[in-house]
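Letters are used for the chains, namely A, B, C and D, taken in the order the chains are written, and counting of residues starts over at 1 for each.
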Amino acid sequence: MKNTAILLIDCPDRKGIVAAVGEFLYRHDANILHADQHQDAERSLFLMRVEWDRKDFALEPGEFTRKFAPLAERFAMRWRLEISSLPHRIALFVSKFDHCLVDLLYRQQSGELPCEIPLIVSNHPAAERWADFYKVPFHVVPVEGDNKVAAERKQLELLHEHQIDLVVLARYMQVLSKDFVARYPRRIINVHHSFLPAFMGAKPYHRAFERGVKLIGATSHYVTEDLDEGPIIEQEVVRVSHRDGLEDLLQKGRDLEKMVLSRAVRWHIDHRILAYAHKTVVFD
Amino acid sequence: MKNTAILLIDCPDRKGIVAAVGEFLYRHDANILHADQHQDAERSLFLMRVEWDRKDFALEPGEFTRKFAPLAERFAMRWRLEISSLPHRIALFVSKFDHCLVDLLYRQQSGELPCEIPLIVSNHPAAERWADFYKVPFHVVPVEGDNKVAAERKQLELLHEHQIDLVVLARYMQVLSKDFVARYPRRIINVHHSFLPAFMGAKPYHRAFERGVKLIGATSHYVTEDLDEGPIIEQEVVRVSHRDGLEDLLQKGRDLEKMVLSRAVRWHIDHRILAYAHKTVVFD
Amino acid sequence: MKNTAILLIDCPDRKGIVAAVGEFLYRHDANILHADQHQDAERSLFLMRVEWDRKDFALEPGEFTRKFAPLAERFAMRWRLEISSLPHRIALFVSKFDHCLVDLLYRQQSGELPCEIPLIVSNHPAAERWADFYKVPFHVVPVEGDNKVAAERKQLELLHEHQIDLVVLARYMQVLSKDFVARYPRRIINVHHSFLPAFMGAKPYHRAFERGVKLIGATSHYVTEDLDEGPIIEQEVVRVSHRDGLEDLLQKGRDLEKMVLSRAVRWHIDHRILAYAHKTVVFD
Amino acid sequence: MKNTAILLIDCPDRKGIVAAVGEFLYRHDANILHADQHQDAERSLFLMRVEWDRKDFALEPGEFTRKFAPLAERFAMRWRLEISSLPHRIALFVSKFDHCLVDLLYRQQSGELPCEIPLIVSNHPAAERWADFYKVPFHVVPVEGDNKVAAERKQLELLHEHQIDLVVLARYMQVLSKDFVARYPRRIINVHHSFLPAFMGAKPYHRAFERGVKLIGATSHYVTEDLDEGPIIEQEVVRVSHRDGLEDLLQKGRDLEKMVLSRAVRWHIDHRILAYAHKTVVFD
């Protein structure tokens, strides 16, 4: 596993930021591997991601925080430092459709997603065999009738207990409460099975089929309190024609969903995403 | 120019249609070049397109109509016969953005679009130099304030005078009245600069930029009385990122618009499109 | 499982084929669900696929063969009749990279690929855990040094024993002998990890990376005696940039490989592919 | 027209480059608009593009060169400074197919390509009407039999006379000599009508049609002395099927050619491309 540090910054755009950050890192012997920045001209915002090798780097995270603070204050930065060797701990939430779950588990185990998956939560027992195969603790938390508050309380306990820092809704078909979402800001990723903002809400493939669109899509996004309105991370489409029935749309869509969700998770755990306003910057 | 006949059929689906049509054409010596059909299982509809060489074909259009009528009646067919050597006469409507207009004129002249373009109508004088270059009659019909009824009357006169059978709205930014649309059912093609049904209505690129989508699109469709709700003919998308400003979206979008509009026109003049319900079948 | 019959025809193109086939099927009460045809103008070939419901159909396969023979002879047809309720029996061959294997097993089990997979053959033991999970007989047949003849004999025995009618090379890295290939004409499907004919042969991603291409691809094709020269069934590409290292190409490529191989298998088992000359017609 | 300066750097990768460049620009009051960098890990290369507003910037180009030299020397940089307000002067070379020529002229005139086009050279007279319409000097330089040396001498004179700094081969079907190419290193852009390295050389669409590929492509690249081997700038593909005849491939291909060539020209004149080894970095 690589041993890098990643610094993510957003602040008002003004002169001298690049010079100051570059000088700071150079002074403490950082060997920069990647650096990328973006100016949002409309909002006069400066956004930056720098990744460096920790091998020769002089500062431990605590020290970094202390020494970087004055510079950060000078430019009114919001910032965070991430350490690649501390892998994300991810909980997968799933309902009946398990293709995204199975896809993510395989990618994690084959080394494509450098993270830990210590928890699967479902409102159905069906996914248990996958949890067993991959040796991941599995919890059924039914969500029915009026037990939603209790169910979410149980889910939050599980997240806390397993020290989860990212929740991935892998075709989890229950709507999370505002309260739940507020606990994990920018740390819940969902896949919606349409090309947002087209076909928000329920049964998007059915509505796409009815409308006679010539391409269908899927979208991964951070979950905010407004359903299907969170910052979009990734989208993908595939061509369909009159020859495609509803079943074909569902089948083609599953491949899209796996792609956009797995990319979003990869970028999140690589600390490549900066979400601001209703948008994301994905430093690729 | 090729000399073929195209038969387009839709009717309730039942046994024996293919056999009956095949036998009829064979009996009159048709050399079939293409045949394609589609069953809409939900609506129990049968749709068919057959194209044959007229060289050895025994029947003139009038004769065909008379002899085919009993068969058509037996299967309750809606049908039409098209003759490829009678090219479409197309009117191009344009406002200020002329990229689609210029693209269509070039494609027509280079032989890619086998049709005639005897009329360009605009609410601005800017496109006149293109009309001059391509030697196409050009008419400015301003649409301002409360003169819309008069303007449309003038436009309809021009269409009638030039024997137009297809109106192509090549980024024409005025909304046509229901009355106008009703005169040219399934014979007005529009390009909308978004991936419908996302961003219906005005300023779609601006809204796509605001929303932070990762792909933008364009859509060509038949115009019906509900704006942006007509049967979709073609859609295309292109990837965008946070690096793309609004200007980049506009620029990338122009290429999409040219593609989806020119494909729609090509398929229409090749008699490849059957529109039904809110959808199209494009026999490719 | 649906109960349909599929007739696949290729023959010299001449008048009356559609009428004759249509009449034959109608006479025996076929309810046609799909019909598609293609004329290869260069080779004067006619190719057709018809699928009908067997529910009311009067003829059993043996009877069909007897009664269809005169018509087939009249038009010099090569033809075959397939029965959808007799599922394909597929053997998966795999080496170390198991992403295509895992993908196909999941798709089969979830109902997306209506076929049976009674055999997995590998030259490595690594895939056994998947075979166990999916309860598929698994055989390690090492191919090393000079035992290739013996290894293929063993493989052919396994194919025979399990009554296999389609071999899928799911990233199987050994070259099959001409003799082996000749036993399963048009019944071995391979995935090549490049956009053929670019980067034929070994290490295509490495060479794509070296060449600095801006898109990478994958190709599924029937195996013929000329390596990477068989009829192409499906191809797909994805965009790459200078930011993508070799590892990124490999990772993006895996998703392409899964897509093109699974589509090829689906179309093969749906009897949608007619291979002729060095090409395929995929009736979609 | 915007008034920015662009600094392009490549040098051996080592610590402190970003800090040094950032500090230098900050000291002279540059307001950085875009900065992007890339590390080629294999070759231990560092590549960078910085663009800043010249409004408050303290240094004129000559002064910049003098003051930047020590820093450049310290890091063994190859570098160049470009001034956006000094537009490229482009010569378009064309043969009979004029779709790329027409496309580029339109994009230039509509403001999409901020450059000057003071020269069109062709070995055929056909394109003259476009030159007239766009008021661009047009020269026919026939290339026949053994006059190639003389023809190239004439072309070079024209380039010199019109102070051309970029030659765009817009479907120019003559092969340039090594000598000619050596005069304009990384300053000749060609479009090849295939997805390189597939179908290098002549008649790529014919060969793609013969091979039965399922996608066709086009490639824009810098011209080097090895034909079709120069650094690739952009590639694009489009899906084809058995229904597409050779004519359809040619038609679909034209749209690809226009896209990849116009993008390459745009990126070149925006100074976004760094070519090294056989590759390009396109800073987007």
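Heads up, the rule we're going with is that a residue touches a chain if its C-beta (ideal position, glycine included) is under 8 Å from a C-beta of that chain, and two chains touch if they have at least 3 such contacts.
The structure presented is a predicted model; accordingly, all values stated were derived computationally and were not measured.
> More C-beta contacts across A-B or across A-D?
Of the two interfaces, A-B and A-D, more C-beta pairs touch across A-B.
> Among all chains, whose Cα centre is located farthest from the one for chain C?
Most distant chain from chain C: D.
> Nearest whole angstrom, what separates the Cα centre of chain A from the Cα centre of chain D?
Averaging C-alpha atoms per chain gives centres 37 Å apart.
> Distance between chain A and chain B based on Cα centroids, please, to the nearest Å.
So the centroids are 42 Å from each other.
> Give the residues of chain D that touch two or more other chains, as numbers and ranges in rising order.
241, 243, 284
> Once bound in the complex, which stretches of chain A touch chain C?
The touching residues are 99, 102, 106, 110, 112, 133, 241, 243, 251, 254-255, 259, 284.
> If we count contacts the way the header does, which residues on chain B are in touch with chain C in the complex?
15-16, 18-23, 25-27, 29-37, 39, 239
> Sort out for me which residues of chain A touch chain B in the complex.
Where chain A meets chain B, its residues are 38, 40-41, 195-199, 210-215, 217, 231-237, 241-243, 245, 277-282, 284.
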